[in-house]
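Structures incoming, each one as structure tokens.
Consider the two complexes below, in which chain A is the common component and chain B and chain C are the respective partners.
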Partner chain A sequence: MTVSLRRDAPPAGSGAGRGRGPAPQPRSVRLLNKIKKGGLPYLFLLPALLLELLVHFVPMIFGILISFKQLTLFFIRNWTGAPWAGFGNYHLVVDVHGAVGSALLHSFFVTCAFTVLAVGLSWLFGTVAAILTQDTFRGRAALRTIFLTPFALPVYASVIIWAFMFQYNNGLVNELLHNVLGITSRPSFWLIGHNSFFALVIISIWRNWPFAFLCVMAGLQGIPRDLYEASAIDGAGIWQQIRRITMPSLRAVHQVLVLVLFLWTFNDFTTPFVLFGASAPSPADVVSVHIYQASFINWNFGEGSAMSVLMLIFLLLVTAAYLLGTSRRRGENA
Partner chain B sequence: MPRKRGLMAPPPSFIWTRRIVLTALSVFALVPVYVMVSSSLKPLQDVTSTFRWIPSPLTVTPYRDIWYTVPLARYFLNSLIVSSAAAAASVAVAVFAAYAVSRYGFRGKRIFTTAVLSTQMFPGILFALPLFLIFVSIGNATGIPLYGSRGGLIITYLTFSLPFAIWMLTSYFESVPKALDEAALVDGCGPVRALFRVVIPAALPGIIAVTIYAFMTAWGEVLFASVMTNNTTRTLAVGLADYSTQNNVYWNQIMAASLVVSVPVVAGFLLMQRYLVAGLTSGAVK
Partner chain C sequence: MRIIRVSAVAAAATAVLALAACGGGTSTGSGGGNTTSTTLTYWASNQGASLQTDYSVLNPELAKFKQQTGITVKLQVVGWADLLNRILAATTSGQGPDVVNIGNTWSASLQATGAFLPFSSSNFSQVGGESKFLTSAVGSTGAAGQPPAAVPLYSLAYGLYYNKALFTAAGITSPPATWDQLVADGKKVTHGGTYGLAVEGASIPENIHNVFVLAKQKGASFFDSAGNPTFTTPGDVAAVQQWVNFMGSDHIVNPGDAQYAQNQSLSDFAKGKAAMLLWQAAGTTLKADGMAPGAYGVAPVPVESGIPSASNPDSMVAGINVAVFKDSKNHAAALKFVNFMTSQSEQIKINGEYGSIPPVKSALSNSAFSTAEETVLRNVLSTSAVALPQVPKESQFETAVGTAVKNLFADAASGKPVSAATVKAQLSSAQQQMQG
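Moving on, here comes the complex of A and B:
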């Protein structure tokens, strides 16, 4: 033990060790110091880099490899020995006439609709709430705490609470819509059938709008006060100020916020998984759960990985297009 | 920071819009919280029949029963160990990375920051299985049990909060004047001592905020918890599903347990929200 410790010791302080050597060459010492200095930031980054490689990048490369393999339960014990499938998995999952492909396409459209609705409304609620709480008034601090609570709860706990509220017999939603307000003539099923899509959207909004609120609130603090004072002297009312000063100033915040919300919502696994389990009802069958089912329930990892890779490519393309588009527009307006 | 938008008082149309919208949003935000708290105080027959707004009779037995129906204490302990260790390790790693990014110019800096942030984009489902296989292989080759152990989960979770932690801490460190640690360097401190003596104390609120954020990330994660844990290492995120059996769903106990597992993170989050906003602001201003 002691021996190995001693052996490990030199690399950490190698520069100092050699510097103290019998006849130090001034030039080499300088060079060593330079390397030490130049290498220091890399040394600081090393742990972060290694961990990201281990957990994100290497598995992702393996994931891409697996998508070209015929990896089923049969080969899982010896997964490197699974036969290559070429583009077989990809052919299967993009063939919209086949069962697997058409199910994936349906799932993709469901995810897009879910993402657009959930991101749009989360963004809207968060922005409106942040702008309305920009001025000081009584109870503002309490409101902020209330608004942030949904974001603070663990996701699975929130989804479980909502699942209870959406129950057919004993849930709050049916009690409210049917018995109290009388909007629906009969209680509805929320966790199966078409309503399950809306249940998913509502939960996602409830969970994410506080994050939009938080970001816009932070963005509002960066707007100089003089802008408002100057415009007030010029006779601008509060609605005009919101339209002409607040909204344009928030553009940079909105650019990042919408992107982050998009990626979170599109990739969201926890909400549908806790709400529906491993197999979601068809109207709410979003891609993440769809892939989970293909991989861990049907034990076809090659297919599941091919789907994941396609999903990642889609996300990369959308992100690149979005950043290009919004940056250009920002450039034009500046 | 209190501020008034203009010099005049806002018109009634604005005041009324504000009242109505903010009330509606508060109701939306709080109804599930109310359902959780009130249902956790009801006897079982009151949560299996039509929903009642006001719980009567009140009972606290669900709070006692939750510990017996399911090994909740074990799940709780597992979650606590995994989340604390992941948060501490994540912040320790992020502190050094953020220090390098904020204080040094070096080749590949942009690539590093972009690559780290881009991991946020990866669908977890894409690397869940390969990571699982890699952990199993490492375990078979070296005897270090990563799959099914808390260690594997800790390593996984710490990387989930790492990108955000590095990003936030970089912006916090940049708000600490460089002259401060340069003075320490001139006084003969090494860079590491300058970091610990000067930069970290000055950015302490940010470090606490990021630690709590990392803790929350680990506490709420479900996918990897369901793939990577076994009976003894199961965390709350998976364990709460155990309250639904084939015969009965103990909704009152589920609500009580949800409340118990939420308290640590909600308290932490509400305590640090001020620092989180400050960090986001300086990040946005950049």
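Moving on, here comes the complex of A and C:
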């Protein structure tokens, strides 16, 4: 990438230093011209920016507003008339000794464990697959296409199919593990009880690793082949090449990839909702479904919004810390 | 990259908040003061085997209504999974249909939102008055002491469906009348892949309907007279424990049933994998699943002891109510339509198609409702069925306790003992969540 940039840059010093440039102007006028010149693109972007604010931030502000209201079923018809609750909703949801707070905390830990496992393994599978398919071989294009199918399928349809496969009586998973391979002594439940957590992790990895694969594959295209040839002449093995060339070159890709996967997985609503319905089993009670249940099933939108706002703050903190941490490390290495 | 980052964060944040803030778009009920070309929008619940069946049952009747009154009714059949959320969205936005079907257990909760036109005595008289309807069905139309939020449209009650061939093979001559007999009979039938009883273990409404009736038989009812939750009384705990232990300690229910929520228990019963089933008007579905009407019998659901009565109930009052949205601009036309749907001829026609029982007295006596199945269910409904608590927190109760029972079934299925203490702990945590 850096190589191509340098090639495209104009030769240094061309045009300048010949003494035939525009007449010197006062500094203030130059600044104004600069803004005028540079500002035009921003003017073009303004409508899009306003729409973006409207689409993304207005609902957020409403959500925050609602979290300070006692918006229960008695007020949904006229929700502006709902009494203000102050920090009442927040007190309720952070009180870990109460039923609501402890359920939220449990759900939060479940979500963290789920996210770490799902993102870590998706990233690992994606990266390994991308590195293994980096060299050309027969059928590489076909293999890459097959790898990408889970990402291309509609979520709803694929999760329904997984739900069928995880059935207790006649599911494919039990058929394989119990009847064919005989690994388990009796059929296991996958959609209720403790296994439901692993069912959720498996489906999430299945859905997300092709995205990791795609990103890393794109990142690998940017690494010049001569680096590998040079290192091979110097006697580097495949492991050393991966460690010293591939991984450092992919750092920027990984930084974005892990962040995006983290946010997607943490907030994933469709997968658990389609898999378990509105009331997820407690070992797989992830935050998104938990909040849905608090809002729509219990008809307590104030409480649900307070939980949402807390999650928003958590995600913003994690994202900020992550970006700060990774940028600094990159700065040190450069 | 910065833009990706910012929009990713924003998208993530919105995804979380949109959950709490969104209201769905709904079709608006058309206004217009001109009565000669009035149009009503009607959301019907899914009663037939498919949404398409409902359209073909209801559309000819709506055409009849138009012929009689000149009022056009635009029909939209809404599946059960979406109906409550759509009603909530319509309530929040003030943009909804004119007339809507609701599950009768939601009556008090939806009444509290103020979304529906109350059936005050003047409104009630426009649809024929209270005396037109069966008393037990009217008991499930809203909180006591307030004008009803809806009127009964179709009624249902639970019955015990049993497989005649399996009973004969096990030497059982008559269906069980008490729970002890049911367990004993169930054990006689259970062997190999066949079980005594089929249940819908992960279905929240089915769990609630059954544990509520069991609790009633023990003198408990999950709520006190002021409408506050009392989930942990000995009667409530014993009811939930009894229900789950049909699987856990009696072993007359297939552990696989713990996962059922899409009426798989009906198909197990139809295929002879289970000898008994507790269900409301299962006839049409069993027929679709390939079980001939002669292959099964229907009896009243067992009780603890004695005979079923209003104080010793053996079923909840199940059914569908019809309500008028307060935001509708055509209250008069909407009431006319409700009156039409609850008229004797329409009640006979539509309930006949759906296999449900008319809550309208004049239609109930019709010979169309005297099959063996419907005679039993009709008697249960008029003599020994009890309404679910008519309190605003009813819908929360269904979710909280229904989920607790679902979790207990998961324990029972994996071989964990379900003790009174375990049940009490689950119910106590469910009750605490209701305080929110």
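Methods note: the second predicted complex is superposed on the first by the 287 of 334 C-alpha atoms of A that agree within 3 Å, B and C clash if a C-alpha of one lies under 4 Å from a C-alpha of the other, contacts with A are read in each partner's own complex, and residues count from 1 in each chain.
Just so it is clear, a residue touches a chain if its C-beta (ideal position, glycine included) is under 8 Å from a C-beta of that chain, and two chains touch if they have at least 3 such contacts.
Because the structure is a prediction, the values reported are computed rather than measured.
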item: First, second, both or neither for A:Leu316, with chain B first and chain C second; value: both
item: Which superposed partner A:Asn169 touches (first chain B, second chain C, both, neither); value: both
item: Partner, of chain C and chain B, that touches more residues belonging to chain A; value: B
item: Touching partner for A:Pro281 - first (chain B), second (chain C), both, neither; value: second
item: First, second, both or neither for A:Ser308, with chain B first and chain C second; value: both
item: Partner chain in contact with A:Asn298 - chain B first, chain C second, else both or neither; value: second
item: Chain B versus chain C as contact partner of A:Met60, first or second or both or neither; value: both
item: Partner chain(s) touched by A:Thr270 [first = chain B, second = chain C, both, neither]; value: first
item: Which superposed partner A:Gln134 touches (first chain B, second chain C, both, neither); value: first
item: Chain B versus chain C as contact partner of A:Ile192, first or second or both or neither; value: second
item: Common ground on chain A, meaning residues reached by chain C in one complex and by chain B in the other; value: 52, 56-57, 59-60, 62-63, 66, 79, 167, 169, 252, 256, 260, 263, 267, 269, 288, 291-292, 295-296, 301, 304-305, 308-309, 311-312, 315-316, 319
item: Sites on chain C touched by chain A in the complex; value: 1, 4-5, 7-22, 85, 88, 91-92, 94, 109, 112-115, 202, 204, 255-256, 258-259, 261, 392, 395-396, 399-400, 402-403, 406-407, 409-411, 413-414, 429, 431-433, 435-436
item: Interface residues, chain A side, partner chain C - complex; value: 52, 56-57, 59-60, 62-64, 66-67, 73-74, 76-79, 92, 98-100, 103, 167-169, 187, 189, 191-193, 252, 256, 259-260, 263-264, 266-267, 269, 277-279, 281-282, 288, 291-301, 303-305, 308-309, 311-312, 315-316, 319, 323
item: Contact footprint of chain A on chain B as seen in their complex; value: 1-8, 10-11, 13-14, 17-18, 21-22, 25-26, 28-33, 35-36, 39, 47-51, 93-94, 96-97, 99-101, 103-104, 106, 109, 112, 115-116, 119-131, 133-134, 155-156, 158-159, 162, 166, 191, 216, 219-223, 226-227, 236-237, 240-241, 251, 254-255, 258, 261-262, 265-266, 269-270, 273, 276-277, 280-281, 284-285
item: Footprint of chain B on chain A - complex, ascending; value: 38, 40-42, 44-45, 47-49, 51-52, 54-60, 62-63, 66, 79, 125, 128-129, 132-137, 143-158, 160-162, 164-165, 167, 169-172, 174-175, 179, 206, 210, 214-215, 217-219, 221-222, 225, 228-229, 231-233, 236-239, 241, 252-253, 256, 260, 263, 267, 269-270, 273-274, 288, 291-292, 295-296, 301, 304-305, 308-309, 311-312, 315-316, 319
